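Okay, structure first, notes after.
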Amino acid sequence: MTAIYGLYDNPETAQRAVDGLRAAGVADADIQVMSSEPFEEYEFSHKDSATWIHWMAGLGGVVGLGSAYLLTTLTQQSWPIKTSGMPIVAPWPNLIVMFEMTMLGAILATVLTLFVSARLPKRLPALYDPEVSNGYILVGVQGPDRNLTAALENAGEGRVKRIG
Amino acid sequence: MAHRWGMVVDLDSCTGCEACVTACHAENNIPTVGPTEAARGRAMHWLRVERYWEGDFPDVKVKFKPVMCQHCDNAPCEAVCPTYASHQTDEGLNAQVYNRCIGTRYCANACSYNVRFFNFFNPQWEKPLQLQLNPDVSVREVGVMEKCTFCVQRIKAGKTAAKAEDRELKDGDIQPACAQSCPTGSIIFGDLNDHESRAARFTHSPRGTKLLEDEGTAPKVTYLQRQSWNEPDTQ
Amino acid sequence: MTPMDRRRFLKVTAITGTTAALAGCGNPENQIVRFIPEEELVPGIAVWKPSVCPLCAAGCGVIARVMDGEAEVFRKGKPGLTRMGLARKLEGDPAHPLSKGRLCVRGQAAVQVTYHPDRLVAPQRRSGDRGTGQFTEISWEEALSLLTERLDASMAAGSAQIAFLSRPRPGRRHELVAEVLRRLGAPAPVTFEIFDDAVLRHANELSFGRHQLPTLDLAHTRYLVSFGADLLGTWNSPLAHSVAYGAMRHAPGGVRPKFVQVEPRMSQTGASADQWLAVRPGTEGALALGLAHVIMKAGLRAAPAAGRAGALVDGWVSGLPDFTPEAVARETGVPAARVDRLAREFATYGPAVAVIGGAPLAHTNGLAQALAVNALNALVGSIGVEGGTAFMPQSASPQAQARTLRETMAAAPPQVLLLDDANPVFAAPAAWKVTEWLRQVPFIASFGSFIDETSAHADLLLPDHSFLESWVDSAPESGATSFVATVAPPAMRPLYDTRAMPDVLLEAGRRLKQPLTPPMPWQTFEEMLQTAATPESAPTPAATGRPAATPPPTAWRAPVLDGSADEYPFHFLPFASQAFLDGSLAHLPWLQELPDPLTTAMWSSWVEINVRTAEQLGVADGDIVEVTSTAGSLRAPVVISPGIGPDAVAMPVGQGHETFTRYASGRGANPLAILAPIAEPSTGQLAWSATRVKLAKVAEADGSLILFAGATRERPDHTKGRG
Amino acid sequence: MNRTRNNRLADDLVRPLLHTSVWFYGGVLVLASIVACGAAAWAYQLWYGMGVAGVNWPVFWGFYETNFVFWIGISHAGTLISAILRLVNARWRRPVTRCAEVITAFALMIGAIFPIVHLGKPWLFFWVAPYPSSRELWPNFRSPLVWDFFAINTYLIGSLLFLLLPMIPDFALIRDRTTGRRQRIYGALALGWQGTTTQWHRLEAAMQIMAVAIIPVAVSVHTIVSFDFSMVHVPMWHSTIFGPYFVAGAIFSGIAALIIAMAALRRMLKLHAYLHPLHFDNLAKLLLLMSLLWGYFVFSERLTVWYGNVPSEMAVFWATQRGAFAPFYWTMVVCNFVIPVSILSFRRLRTIPGVVLVSCGVVVGMWLERFLIIVPGLSTKQLPYTWGHYAPRPAEVVIMVATFAAMALLYMLFSKFVPIISIWEMKVGNQPHPAVSADEDEERQGLWRARP
């Protein structure tokens, strides 16, 4: 595999590098930006921010609720035992169990979606540089070499590196 | 028609002699815990005779009140049990399933009458006292709750006998140990669904009251209040 | 092969490898043997067998629920295992006129006597010094030869100096003992029971010609006045009384029967009364005479109606002028108005009956008190009528011919003393010096099943069967209106190497050098019981009774108490405890853990004091006080009670045993020990209610008082208000 | 300069993981041995039976349940607070969140042990779990104890995830700054985190949702714990106020615990540059608020009982107000209300030592509160005949002490292996900046560049 990337000290430069790559005709999807913090206020960080994680959470909640309802009512009916003169299927207490399982469903679904959509866990891919942890921002492109060095170098102070 | 077992205690003739207490111990294999444990408040009396003083010397009276499990229709102890160890049977008994009990002691807290007892240790019968144990009643191990069962073993035996003789149960066929031994016949046990039974009739006596009625527990034990002469010159 | 053969040739088979499993079966070296079962029982099927409760003189008939089980037994000097029928529970015998299918709290616990862990399993002879309670096991052969040796010796010495000391238990068993003693040329058996109402028997003899305790027909009584008799708890025939009391309370319709209890300390019986009248101890008789005064004055009855019983009371014919309600109020502390009303009610509502028993008789004026109540009963005509009091036909009353312990102790000490369950070392005041007396007796043999304070002084222990293991009988002197004699065969086989006392006596008699003359008509107690027991006296006595010289009238006097009022301010009232009676039942764990009806105390002894007294002494429940009389002192925790006056303190009898099994030894204090040795003059019986004491706080609560109840009032004051 | 500051930050926060002082080993040793004693005490109880504890008839619940409620209460420090702060975007939360969430995780684990310890047959505790234990019989969903099972587990799982997710980027950072075995371990824990824009987005989104979800769960947990008591007719248990009362109390004690923990970290890990007086000051304000809230609840509880004048409840009321429990009761009032209000109301007294002192008092006071809710009610129930007493026995005390040691131990170990302050969140928060007083900081807020 081959790839080219630049390491930039500050976000402005990184932003320029991203713009440069776009100008050089690289598709947004191919541009990869890695950083040790989310630079929310910079445009580059907003690429592929669309997500359906909220919907998944909701769905999880619904599943939790449903299973809780079944768990309580079915088990109570499967062996009807009288206690304290309460109805065999006692709605009020069951609501508590349903609430808890709804929340649990939502939380688990959220985390599951996070891992799936963020492709975690996985082994560390080739296109990465420990310098990211030292605060550098990595802007890179994978794939067959097109001449992007300029685009990355023109961005400003930074180091451009190649893989393969 | 299903049975609905209930009890009536006539406080007017109860003399507080506590024959019922020992009878209960003998019938139900209730262990004696000894002085040290008794001092820690762990004495087990499924049936106790409560004593309350009224007035002061010399015009003083005493109220005796035998209190055992009230076998409530809405027993607070049942719902709180996580394992159904405590539940209501079809015959209206408040049953305690010893081998389902995991010893949360929650039922005991929920019971307003404090008639539930806990096995803080494994029960001890210094040999050969264990020879007295009633084979019809299981001995409870450490960590489980126990309480008055209305002598369920006698109820079973009574029904089996009636079945064997192929006849209906008669009122009085079944006597819990306390009712049988009570010298003054102040404890009356019977089927509340059988309107002819003495228990059923006394349950509706004008003297009849329930213990902690306002708790809404709907007990199946009725107490017939004590009557008295009015003493003009007692203050 | 019949069971008989099997029993004769007891087959023994060794079990190997189970010693470990059978811990408690003695040291593993012992070979564990399994005895062949001696009877066929269907496992799990209960058989009901009749028996007689031995725990008090009431002699109630019981039935034992026998089921098979695996028992560790001790037979022929060997420990072992066998399947056998075991009595599991006692119930009242429905066919028995006294128990009528009911059973009292003590009767329920009686089964523990048989299975008590400290029961003697075989004969033993003394190995240590007397009183140390050190014994070594011996065979019956050796035991019997030791016994007969001593009997021979004492007979050889001329008049047989043999004393047989037991508790008064009317019945054939006692007859047999008397017969044997007579043939030995020994004096009549000695009976001792601290709470025995000898005074009342004597009074009844005088008033009605019957040396006997009365039977109350409570079931039909409409007005009951009890002077200190704990008739529903511990007095005379409590179970029969309770059964009848139940009938009285459940009497159909009409006026509610009234029950008045007159006593200085509220007993369990007093707690059940419609009205509880507190009187100064020892003045109950004055109240009775006060009632009689009002009744006669108001013309509700005439003096002669009391007949002979009235004639025995000084000033009766003249209408008891000294016993006006006011005078009685001063004497007893009962308001005059109440005396008056009580008297009128008593004479108006019929059938009415009065009864006296227990503490009121244990005074120097005991006889006068009893005669007063007898006269009152006679006055309202409650003798021998339905709902009144009557005397039950009976065979020879042991108390009639028996000697008292005091008489025996006064005479020269016997050569041989045979003990049967009586425990005077515990149950007699220390001032009697029973222990010293026992030391002077060269040879003491005890038939008891346990080592108690008295049998600890024995040289030879010949353990009797438990009542469930042997032939038992009773012929109570009171409790029913018809003659009652109960005989029952063993309910189960003996667990241990024990023998029935009567059979041991007969056996010993056969082995004597000079045989009994005339020879005993029976070889065994069982044989004796085959011959029917017959009532000696006519069923219903006339109010006049047997012709006897009418003694001079007795005047009621205030009781003489031991100890000056200013040095010893409190009247000391020992009482028979609901659980232990005179202490002979303190070894039963069920009764030890039984909450006392009024104080709810378990496993403890206590001193009951009035609230005011507590304030004076500055003590709270459980604090330790020292109770001091002229005869000694003891320490016990206090229980503050509204059921006793500020001038008296009460203490239950029963605890305070030194050596009486693991459950009773070293627990609590014994009030009898500090009683002053005052006697009721006419009978010489101990006036156990005539001692004064002083109290002093000696320590804070030390936990020796164990109460089951948390609070004494249904609505404790501090829960009442917001203040 | 942005990067250099960030590196210094990383260095500061990673240092504790790389260098270990003898004090650490000493501390671990001491704490571990105390925990061992606790385990021994429990073994002793398992062997002989519940009787070795002080519980009796009628006081069937005592220290164990007190500690259960107490620790579950403590657990409300972390996740709940950090979730709220996260949602309201309080920028001072960043250094606080993780050490708070850690408290939650461990306090929950410890608290959840007590319901098992207090069982008569602990080896059957799993019969409360929703599975057909014997004869196809499922647990009784009507029982508050079963509700506890669901609530506590939901909260525990949620809190653990809430704590773990933001740790992934930090693991990645450590991975890149270490070598050898450490690198391999943290590398594994980092799950291959690169810090791509996608990952950052998903993480932030997930954390937002979790924050929303965890708050109602946290509230429900302590409400349900309070239901254990308010569902039954024990005098002064059967009260509708218990839900919010317990939640408030939980947060109250939670914040106090958090303050104590932060002060300890600040001192031991030399985090003065990260945990400023400002943070303590803000938490102190929260604590003051909760103290007032607590006082309000106690007052309304007491007033209604006193005014209602139900005998059985008055028995408990007076037992706590004047009777045997009065000393504990008034100590509680002083620790939970008098001291906090009188100290925290004045800025000059809201110093770190002052706040820590108050917090210690609150922890004690809240423990007493739980004890005073549970025991007096049981010892004076409806029938005066059955009134009783309770005194703890050694087993209970030892096990209780051991749990406090366990908390400290777990906390030490955690801060040894994980940066106790979330590094990347600190970067976002533009920290560290030099320690400042509360006033100075407020001035700075104007200059501060708005960032999420």
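Read from first to last, the chains carry the letters A, B, C and D; within each, the first residue is number 1.
Here is the rule we use: a contact is a pair of C-beta atoms (placed from the backbone, for glycine too) under 8 Å apart; a residue touches a chain by one contact, two chains touch by 3 or more.
Remember, predicted model here, so these are calculated numbers, not experimental data.
**Student:** For the chain pairs B-D and A-D, which is connected through the larger number of C-beta pairs in contact?
**Tutor:** Contact tally favours A-D.
**Student:** Average the CA atoms of each chain to get its centre, and name the chain whose centre is farthest from that of chain C.
**Tutor:** A
**Student:** Would you identify the chain whose C-alpha centroid lies closest to the centroid of all protein C-alpha atoms displayed?
**Tutor:** So the chain nearest the centre of the shown protein is B.
**Student:** Just curious, how far off is chain D from chain A if you go by their C-alpha centres, in Å?
**Tutor:** From the centre of chain A to the centre of chain D is 30 Å.
**Student:** Find the geometric centre of each of chain B and chain D from their Cα atoms only, then give the gap between the two centres in Å, rounded to an integer.
**Tutor:** Computed value for the inter-centroid distance: 44 Å.
**Student:** Quick one: report the Å distance separating chain A from chain B, using the average Cα coordinate of each chain.
**Tutor:** Once rounded, the distance between the two centres reads 64 Å.
**Student:** Provide the list of chain B residues touching at least two other chains, using ranges where the numbers run on.
**Tutor:** Where chain B meets two or more other chains at a single residue, that happens at 43, 48, 50-52, 76, 79, 81, 84.
**Student:** If a residue has to touch 2 or more other chains to count, which residues of chain D qualify?
**Tutor:** 137, 140, 142-143, 146, 384-386, 388
**Student:** Mind pulling the chain C residues that touch 2 or more other chains?
**Tutor:** 709, 713-714
**Student:** Chain adjacency by touch: line, ring, star, complete or other shape?
**Tutor:** Drawn as a graph, the chains match no named shape, so other.
**Student:** Can you name the residues of chain D that touch chain B in the complex?
**Tutor:** Residues 48-51, 54-61, 115, 118-121, 124-125, 127-128, 133-134, 137, 139-140, 142-146, 149, 228, 231-234, 378, 381-386, 388-389.
**Student:** Where on chain D does chain C make contact in their complex?
**Tutor:** Residues of chain D touching chain C: 306-307, 309, 311-312, 314-315, 318, 323, 379-380, 384-388.
**Student:** Which stretch or stretches of chain C touch chain B in the complex?
**Tutor:** Checking each residue of chain C against chain B gives 24, 44, 67, 69, 71-72, 86-92, 101-109, 111-112, 115-117, 232-233, 238-239, 242-243, 245-246, 249-250, 256, 258, 266, 268-272, 274-278, 333, 335, 337-338, 341, 495, 578, 589-595, 597-598, 600, 602-604, 610-611, 641-646, 662, 667, 703, 706, 708-709, 712-714.
**Student:** Touching chain D in the complex: which residues of chain C?
**Tutor:** It comes out as residues 709-711, 713-716, 718-722.
**Student:** Hey, which residues of chain B end up touching chain A in the complex?
**Tutor:** For chain B paired with chain A, touching residues are 73-79, 81, 84, 86-88, 218.
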